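Heads up, the next two complexes both have chain A, just with different partners, chain B and then chain C.
The block that comes next holds the complex of A and B.
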């Protein structure tokens, strides 16, 4: 049964994602300058991605009685914004790999990567403007407002996380982590794609706050699972360097758990390790952080948090979608919850 | 007479700029996270700036019969976008000083600076959305369209310039430089502020293309003068490190003139100098580039280009504004042309 259910989820996810990506490419101008701008704008969207965000937006729109094409432009804008965010995130984290290939900053340097991300952000405005003819001025406006909130939450979450690394904060709690994740991940990955889909389908009638708890639980479960895969996944499937988060000193739930569980001398050593600039850390020390995470079962702890959050998301699913007629898209949205935290890539 | 005329320009410029900056600060949330986000968002707008862009937008709106408050929100959005652009530009150019103080990247590192720039970009959406109640949906929409074009031109120009440095291009012409400057500087510094001001004042009746030549000439004259000040200005007035553009290998009109004027052995040496990463260049070599620019009178050449362009802008002023009744704002717009290229800071 689980295998079959994931086949269904994977199939529809792939359908929605390829539709969104195909449409997204129509918004990348075939103009100069190509070599250091529009060709690079195509780079991340052209690599294999999972496409959760456009799929959640389109499926929610359909589950609420709308059509694929009503949500498509907004889904494309969200996906474009997501890719812009990844480009800048890779600069900010000094990452080398993304979706199985070199990051733009690793290949072309920071200046060009920053500018490409800026270009992707401005390109995401066009599909939102084209909502006008299909959805009318009022709904176009509502979607704009949603997107503005989404992007603002995202930079706020990013600022929290970057501030922790900048100050080498070793006194964080699980609550700090979850608050940061709500801002950095949950709004733009789950909550806003669902809100926008439902608002469009119902001409603004559906109360979009119904998705806030569902999206918070699911987004946090997803982020913890993503961070776990970064540490214990397979590079070929995951597409980034395994252990990159430890090299970066990223405050994951596992690292926070470790800092709060370890003995004083270990914590002191960890604080010292985290104070060293990324490029000066050495593999033996990174290995040692792993060993400590195993010693204190930080992986197991985070995995169980992720599962609990996913359980809460499944429960909240009924608040968000329970009253709707049973459709293929509603089924998809229910099943994607477990898929997002049990996936191995 | 000239002194008096600049007093008038400076006075009104200061009035419009302080109004725009005061209003801009209202759009910076007084929320967490402050330390690494919203406090830093305030950093560049809080430093002494010239404020040409909001002043051009407001003055043009008034010259076309509109009011200050009709243009104010759009002027604020343009100024916020401009400041976001400066933050990312400083990251991209690895600059250390801006408006008399350390750049955000120099003080807080690249990751935090990139994210602060992203935040400023998203914050510039809010004043544009608030146009709705004052200007109605149609004009709000027109302004959005203008801004989208403005930002896209800007990232295209930036990509051209970054590509030249990335490839260490030493075969550029004056036409390449002017094409890049049109995209990178003219649209967002002159053309769009004027277009938006006139469109708002006339409910979209004025043909905004009337400003395209005026803004191209004035913007190019302004950029060349700005690059000249970077090389031969006074640090206290200019607010950036003098000669920074040579350290960066920036393709200014002076550098392009020098590359096209120098003897083969000098050109070869210049090509080698430009191939060295910025932080590995040494002061003696930078000094030598200066000497060569003096030898070939690249400064004089650029200054005369800037003056010719300003002359063309003055002529185009009459196409853009000539038919309007004589007002204080029309006078201001005429006089600002020479001020923008004769200023020493």
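The block that comes next holds the complex of A and C.
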């Protein structure tokens, strides 16, 4: 069973993640102002995280015949962008916990947290610039164009989701959710790390579009899984508050399913609940939303969607990687698909 | 049925992986084979193509068309990356310089850029004022250059397209573009009447782009040299570019 294969995945994930984080720290200036900037920049990357993004980038590069060092700077940039997103996400969501510890906004306040996130975005540019000496101008340009698309898609997806909450939109469809997830999560979590890894390894010869479906299906399955863990996982394993998404009114697949399945009076009540600012919501109402999700089997529906997408991702794995020689990294990439969708659920 | 297809793929992979492992000294922990979890997942989608997957595929196609393809078009406007990949670093930048004439984006940020680009005529040859903004110096390099792609001969004529982008949130007034007399590095002059723009009047909405043709007609008796003049627009202080023409 997958226990053994997950040990293999976890081991290599840890190796690649450690390498990326260790390198990432080298890009944090050892200068003033330390206390409220550079020391805090290392806060989130220093916490235990899965490190999917750098691992996917480096492993794909190696699977396509490249080396760790070729992809390392790009992997670090992606990880820095990711951590910047997390810092700003926590501000936007008013979250208290991240990766088992207090969020920067909870501990230092919103202004400092926002500035630290800004700094991380800026710091991510340097490793991409340093690609020039190792990869040459053409590949540096290609990686920049990939990163530009990645970051823009992510903020557009985030804007969609924030807009839904801001307007208290209760008429969303599954298609809306899938589109938002592609933009907010999939491009930068899976698709672009893989595209960049393969492009670097092959000097731009590999067709990066081969990863689009693979990455989208896997990323969407992963996101739905993450949203499920938020509601029915264990805090110690998940690292964030359980049920936080209901408190936030986040438009997850479960909530959208519930809104589209519930009776008119229930939907009206849900609309009212979602219109209340987070700080004014109460535990009883949150519990009631949870019960309604059980009543309409929203968890089961979301789990089924996640499984279907994961199955499609596995199939697409063979399109993206099937023709490559069998290596440890190809094996890792195959098993990480299962690991990402099976983790602790 | 799909499960069967995948199993076929698996069977084609396994023999190869065994030989690979022999060659590489067991670099892979095991050949790629379907775990029980994978088999379970596949059995679910084997029954029918999932609606959610079909929906996702459709969304992806739309987004790819809107996103990457659009980004590629912008990139291609600037230069041909496939050709560039074959060239050296020096050639890359040389090519960039040569190709930049094809599309010159002159950004007209009516709100923010105006103050930033304020320039003192006595020091920079270029000046403009914006009501309510303070004049500040700006490096000449901030002014876009519109360079003719090829040297021109006396008596010849050419047309070069450029693109104007209004990055502000306001629509522009109707404006016309004009050019000052061009002065060469030898101090010779080419009169502004030899430069014209089409269309003659332009209006650009917020975030919109318009193509403009720069028409150059070089008088027969024009001495050789590198000529430059300032392109500006009526009713639009923020728009300017340096027109450069080499006469041989």
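We take it that the second predicted complex is superposed on the first by the 344 of 345 C-alpha atoms of A that agree within 3 Å, B and C clash if a C-alpha of one lies under 4 Å from a C-alpha of the other, contacts with A are read in each partner's own complex, and residues count from 1 in each chain.
In the analysis below, a contact is a pair of C-beta atoms (placed from the backbone, for glycine too) under 8 Å apart; a residue touches a chain by one contact, two chains touch by 3 or more.
Quick caveat: nothing in here was measured; it's all calculated off a predicted structure.
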Query: With chain A superposed, do chain B and chain C clash or fit?
result: clash
- request: For A:305, select first, second, both or neither according to whether it touches chain B, chain C, the two together, or no partner.
  value: second
Message: Output check: A:110 vs chain B and chain C. Expected answer is one of first, second, both, neither. What do you get?
response: first
- prompt: Now for A:158: first (chain B), second (chain C), both, or neither, which partner does it touch?
  reply: first
- request: Kindly classify A:216 by the partners it touches after superposition: chain B alone (first), chain C alone (second), both, or neither?
  value: second
- prompt: Of the two partner chains, chain B (first) and chain C (second), which one does A:178 touch, if any: first, second, both, or neither?
  reply: second
- prompt: Of the partners chain B and chain C, which touch A:265 in the superposed model: first, second, both, neither?
  reply: neither
Message: Just to be sure I read the superposition right, which of the two partners does A:33 touch: chain B = first, chain C = second, or both, or neither?
response: first
- request: Examine A:145 and indicate which partner it touches, taking first as chain B and second as chain C; both and neither are also allowed.
  value: both
Message: Contact-wise, after the overlay, does A:93 reach chain B, chain C, both or neither (first, second, both, neither)?
response: first
Field: Clash with chain B, by chain C stretch, listed 25-33, 43-51 or 115-123
entry: 115-123
Statement: Overlap of the chain B and chain C interfaces on chain A comprises residues 137, 141, 145, 148
Field: Interface residues, chain A side, partner chain C - complex
entry: 1-2, 5, 8, 136-138, 141-142, 145, 148-149, 153, 174-175, 178-179, 182-183, 203-204, 209, 212-213, 216-217, 220, 304-305, 307-312, 314-315, 318, 322, 325-328, 330-331, 334, 338, 341-342
Query: Tell me, which parts of chain C touch chain A in their complex?
result: 2, 6, 9, 13, 16-17, 20-21, 24, 27-32, 35-38, 41-42, 44-45, 50, 52-53, 55-57, 59-60, 63-64, 67-68, 71, 75, 81, 84-85, 89, 92-93
- prompt: What residues on chain B touch chain A, complex-wise?
  reply: 31-33, 35-37, 88, 91-94, 108-112, 114-119, 121-123, 125-126, 129, 132, 137, 141, 144-145, 148, 151-152, 155-156, 158-160, 162-163, 165-166
